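Both complexes shown next keep subunit A, but they swap its partner, so subunit B is in the first and subunit C is in the second.
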Partner chain A sequence: MRLSLVLALIFNLAALVFAGPAVKGATLVIYDPKLSKLSDYDNFVKSLDDVKAVEIGSSDIALFINGIRMFENLVILPSKVRSISPHVGVKELVEYVNDGGNLFGVTSSAGAQLDLEKFLGEVGIYTNAKFKLFDHFNEDSTKEGSVLIKDPEFQNKIVVPSSVDQISYSGSAALLSNSEYLIPILKAPKTSYTYNAAIGPVGSDSVWTSGDQGYLIVSFQALNNARVTWLGDDNLIKDSKYDNLAKDLVSWTFQYRGVIKSVSTSHENVVTGLESYKVKDFAKYEIEISQWSSEENTWVPFEADDVQVEFIMLDPYQRVNANVTSSDEEKTLFTAVFQIPDQHGMFTFSVDYKRPGLSFIDEKIVVPVRHLANDEYPRSWEITNSWVYLTSAVAVIIVWFAFVTVFIFSGKAPLVEDGKKKN
Partner chain B sequence: MAKKDKKVAVVAAAPPLAPTKATKSLLAEFSQSISTSYKMYQKDLSENQKLRLIDAFLAFLVALGVLQFIFCVLVGNFPFNAFLGGFCSTVGQFVLTVSLRLQTLDVKGEIFGSITPERALGDYILASLMLHFVLFHFIN
Partner chain C sequence: MFVSYQDNGQVVISAGKLRAIKLILTIGIFVSISFAAVSSRLFSVIRFESIIHEFDPWFNFRATKYLVNNSYYDFLNWFDDKTWYPLGRVTGGTLYPGLMVTSSVIHGMLKACGLPIDIRNICVLLAPAFSSLTALAMFLLTMEVTNSSEAIVSRKTKLSSAFLSAIFMGITPGYISRSVAGSYDNEAIAITILMVTFYLWVKSVKLGSVFYSALTSVFYFYMVSAWGGYVFITNLIPLHVFVLLLMGRFDYKIYTSYTTWYILGTLMSMQIPFVGFLPIRSNDHMSSLGVFGLLQLVLLANYFKYTLSPEKYSRLMILFGVLVTALGVAALFTATKLGLIAPWTGRFYSLWDTSYAKIHIPIIASVSEHQPTPWSAFFFDLNFLIWLFPVGVWFCFQELTNEAIFIIIYSVLASYFAGVMVRLMLTLAPVVCVCGAITVGKLFDNYLTFKEFLSEQADESEKPSESKAKSTKTNWVNFISKALVSVSFIFYLFFYVYHCTWVTSNAYSSPSVVLASRNPDGSQLLIDDYREAYYWLRMNTAEDAKVMSWWDYGYQIGGMADRTTFVDNNTWNNTHIATVGKAMSVDERKAEVIMRRLGVDYILVIFGGLIGYSGDDINKFLWMVRISEGIWPEEVNERTYFTDRGEYRVDDGATDAMKNSLMYKLSFYRFGDVFGTNDAMDRVRNQRLSSSYARSIHLDTVEEVFTSENWIVRLYKLKPEDNLGRDLITVGENERKAAGKKSKRLSSKKPNLDVRV
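For the complex of A and B:
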């Protein structure tokens, strides 16, 4: 029993050591044949690895079996079916992302899966498929009810590095919460607004977003680096015009791109080379960071000039840039040398590298910083100011000695005489 | 303290002279008592070598203490322990020396009757040595 446990542990450790990024696993695509056949999405589905496509509502769909997550990536296509499957609801979707799974959710004006919308609401993307985006200044003449977005500006170049001439958009827009983990990709045009297509633009109640407060493509990266992307129009993945855009979004969401990790961290006292510090010492902190390259299918050095190291006790006493000092074929070494503050206590070396579009790195090492020992202060005579006081103290002793000597030998006579006189 | 005691003693001795100058104002009386005290003190000094010696040493300590204080005010108190050490050595030595002065000059044995001058001097030397021992460690 114990042996098998140990073996299992070793096996797990080995699996950890040899594991690449979490991109190798299967992808589950959930689609609604009543809205679009799977073949409509051929372009998109072909770009995915190891796909398993299932019709929505099927009882085969389970994200977890015996508590083990079955898929790395999940694609939910537009659907009018209320429930994804008997085993999958909002709760399961949240669990799935909390466990590190990635989610690519698509809605369209034809339909938005209710659980998916609820889940997006949990994340801070408030979308509602009943509301449709209109822009009377930029209508697509070739396609009724579509908004033409010329030369769209993608807000995050890490998530979407490629560019598109124009987008013909037909779908809803989302309001965003102020969550800092949201990564807005595409804003609605300034002259656009969203209203309930069933009611019409009758009043403020029927308007969901107005102007560029609405978003058309939004990504999200959780603290555990799980990624979610929401797309408001399935034409963007159907139409081969937008292949590059779809590919960018999918490869980012499914952790092919923008994946970095810290390989190792270390710190030492510059003078002693030990990992112990006293106030005003100089510390050297090193962190190695790798980036996943899906083209080369390997880890490559990560290039950046904004990696910062903090030295924290409640507040950061130091926040310095870590510079690239060396790099090999797999990783880059970032080094920061700084002075420990004149303050003793428990400090934390912290690299909290959170950039929208890149995996989060949060490395913390707690170290004690001691105060000076009583023999580490400079002696008095090394400080010129104190020479005055030292001289005076010595002078007091010398004069005192002279005084005592003279006092003893000054004899009793005057005293006795004095006493006699007074008597 | 010691000087005040002395004055009190002198003033106490003064009354026999007072009646002849009863008409004088309070201020004049006061200035006269001071000059009388001063004269008495001068007389004591000229008659008593030990008193001269002790008072000269006390004056030296006061001067040195004031000098250090002025230096500290002007230059800053950076090695504060050194300043405290130097300053306290003058103050402490002053206090001890005043004690010696009281005990040695208490000729009539009114207050320190049981303490012989030799004992007083021995106490003084021991206390001074301890003071300087402690202060030199404190100066570091």
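For the complex of A and C:
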């Protein structure tokens, strides 16, 4: 009786603790109904899988529960609300990306979520919704305050392979840091600039970006391959004209495209077939790489001709291209054969394949390269230079034997006669 | 039973029985000496446990385990991938294998006998076991030296002198310092071999025997395989021969023994990979080659002396001498210039000029045992023998036999070197024991004989009464003075034993891995932080984790924690050590770059500030600075670590270079927390860090993962690169800034960015 009571209590407590998130799913969309209704984004939201849409500010929003990440993907739409939720701030967003979650952030001239902007600042995308992009040479006549970008050039073809005739842009532009993980997608026109309308167009405090210093769409891939994309104008996802662009950005950000992985790596000594090396041996390094195909919903061989293998001890001693040697249904085999330098030490086989738009591959294997063992040097008679010395050594031995023989058998007769010596 | 009485009261013992008694006594004495030598070395095992001591022994132990678990072939060609990461070390070719081979042979033999003893116990007890052999070798050497001369020691006291030298050697602290149980170092067996080699050399010079000189070279080979100090033999023997030549003592005995020894010994020594071609290239070995050549010339001259007329001979000799000198000097210079023979090494210079190392080679000077010897150390290590030593040398001058000359040369050379470097006290100790034993033996020979007095007392009754009074008086004066000297020397002997035991027990028996301290109530407290931390490393880190620390701890990390190290006590690559030193001396931002390049996972520092352990890294810090300054003088500057007034401060008044250095931060990080709101007190340097300052010491690129019980060992982990590509130091700074105030606004200030490229 008492036991069952205690058990019941424990279960209740457990139920409390593991109450689980109010919202859960592959993709979380956070929107601000005060700015625009969810239905405005219908086009966009329908293209996503397993969506949960939650109004901003709701206390139900939690990215982590008991340390477990609740969503694969996160979309933050423009909002004027300062705080996403009591449980979500910049710190949580950083943790979320560090844990491998993807983030698609949209700001607009109407509003930009504060924590999102701060988070973007952390990865090196500096944007501020108070500043607005203007281009007096390329204004969109149909829409006041919009910049018309004709035949926009997308900087990364892997992230955005499709093209758009023209973009009517109304929003802010971002300054970028020098971070190598940033992938700029769309630059601001050369004749544009961004300024704070509240202060006015003149003055260094007022101007945020000028010319193509500003960026309108920027992607980012963290070291752990988590992806972030920022858009400065929500019209690009609202308007069905830009469906292809939006779809490209979303499918890249949410890891449907541009995803590659190394399936296996191996190395061997060409001569012995073992994984041990000595100086001046030949090594074969192989790496298998697959690419995700969302159309076929499977892994397919990855094709490239710029995969490099390095052989490093403090500095790279070898840096060679790995060639495609074979490929099957799922993966491509890249092989590099090279000679190990005449230097012993702890060497690292390294494939550091980081291309903007593709997942990062960083494979490292440390192997010892030993010196020659005492019996692996050529024997003395194999070296022609030594023949001189060998001959002289043998000659001395022979002459010594001859001398001893003569000395022993020559008898005791004095070599010089006494009479001669006196003279 | 053994004796028979004759009618006149005389006692008669047969010669055979007497010999038997002598033999039993000799054996008994030897057993006692061995017992004394071994047992006085066991303090550390009894107090602590059967553990390998200090630093170098840990490497030797690790190498021995490798040898026992692998074949000799593997050992010889061992490429060690766990040290000097990422350079690795050709360990098989850069060590003296004698010690490891000796213990693995003992291990194998005992196993074959059905006594499977753990290799660790063999390593721990090897040094004590060899010390009793040293005593035996000492006995033989003293016997050999005193044998052919009445003037040095009279015949009847020879044996007691030899025994005295054996017991002196057995327990002298100068030797015990390197051979207590657990001190598994090269010197442990090297001194034994040194004494055996000298004994055999003296014997072969005396006999001119090819057999003994071949034996000498065999032991010389053993010595070469065991210790770098073999160079001492390589120079002492030629010097001995050279002096004999100058004294006109040339004979075929010397010729035979030297040439045999030189040829065989050199050939054999070249078989040790670490030595290789040194015997024909290095200047350390040139004297033996030179004397070898000189001997041939002297032989030739000797031949001419008997075949040519005197004036022709002298003319020839002058011409010959000039020619040889000129050629020799010219050859030496050209060979050095061409790089055929190694240039004079730094270690060589520091032997002649004690301040040389301090100025030019910080890495040599940073080792405490390479420091010049303080005077007190001579008394501390040798006790009353140090003032008997000159007397013994003086006795050797009484009759300049070849052996006596050897002892004289040995004492002169060893005294000089012992004055230069603390650790060369070890080579001085044996000759001091020989000379001391000769002195005491001689003294007792004259003063401890009361036969005369006793027989005169017995005769007294038969003498006339007038002379009786006079002779009784002189007799008694004689007796009292003799007794006084004897008693005082017996007291000195007793005091010697007392002193040696005290020194061994207090100074030389600490494993230094485990520290002993006292609780307030007087009970013993063992401080076991080192092993605690090493065990943590072994259990909690990846097997291929790389640990960066100052080189002192490299061998211990390798031996106890079994983790990869960057630098260790085999200081073969100065640049690599300087790189680690630089990482410790510069600020976090620069250090991070160095550490990432090296591939550091963990950092280990020793910090004694909490309990007052003075051998910590902050006290060694200046060596790191100096060594790295030697390579990067524009980036590291020793002066900047001292305040304007030249003080070495670690408190609030420390210089910026000091406060920002990685080593300082690693040592004092979170130190303030221990003291609550009080000021943090560094008990080693006796400096007070204000509470607020101590708390402001922060680290961004590394995180603390372990701190041992008394804070002696602190372990840090290098954080992985930031996932978002941010600079770890900036992240840390921003966090600290944000911790104070929670800003809910985005700054509308434009960020200050570099031009994007």
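By our rule, the second predicted complex is superposed on the first by the 364 of 423 C-alpha atoms of A that agree within 3 Å, B and C clash if a C-alpha of one lies under 4 Å from a C-alpha of the other, contacts with A are read in each partner's own complex, and residues count from 1 in each chain.
Quick note on the criterion: a contact is a pair of C-beta atoms (placed from the backbone, for glycine too) under 8 Å apart; a residue touches a chain by one contact, two chains touch by 3 or more.
These numbers come from a predicted model, not from an experiment.
In the superposition on chain A, A:Asn128 contacts subunit C only, with no contact to subunit B. By the document's definition of touching, of the two partners only subunit C reaches A:Tyr181; subunit B does not. Contacts of A:Ala222 after superposition on the shared chain: subunit C is touched, whereas subunit B is not. Between subunit B and subunit C, the partner in contact with more residues of subunit A is C.
Once the two complexes are laid over each other on the shared chain, residue contacts for A:Tyr389 go to subunit B alone; subunit C is not touched. After overlaying the two complexes on the shared chain, residue contacts for A:Val202 are found with neither subunit B nor subunit C. With both structures placed on the common chain, the touch criterion links A:Val366 to subunit C but leaves subunit B unconnected.
Within the superposed three-chain model, A:Val271 lies out of touch with both subunit B and subunit C [touch as defined at top].
Looking at the shared chain after the overlay, A:Phe403 reaches subunit B, while subunit C stays out of its contact range. In the overlay built on the shared chain, the residue A:Val94 is in contact with subunit C alone; subunit B does not reach it.
Overlap of the subunit B and subunit C interfaces on subunit A: none, as no residue is touched by both. Partner subunit A is touched in their complex by these residues of subunit C: 73, 76-77, 79, 81, 85-88, 90, 93, 273, 544, 597-598, 721-726, 744-746, 748-751, 753-754, 756-757. Chain contact summary for the complex, subunit A toward subunit B: residues 377, 379-380, 383, 385-386, 388-390, 392-393, 395-397, 399-400, 403-404, 406-408, 410-411, 414-415, 417-419, 421-422.
Subunit B contributes residues 44, 47-50, 53-54, 57, 60-61, 64, 67-68, 71, 75-76, 78-79, 81-83, 85-87, 89-90, 93, 97, 104, 107-108, 117, 121, 124-125, 128, 132, 135-136, 139-140 to its touches with subunit A in the complex.
If you check the complex, the residues on subunit A that touch subunit C are 82, 94, 97-98, 114, 117-118, 121-124, 126, 128, 130-131, 175-181, 196, 204-205, 208, 213, 222-224, 226, 313-314, 344-348, 366, 368-371, 373-374.
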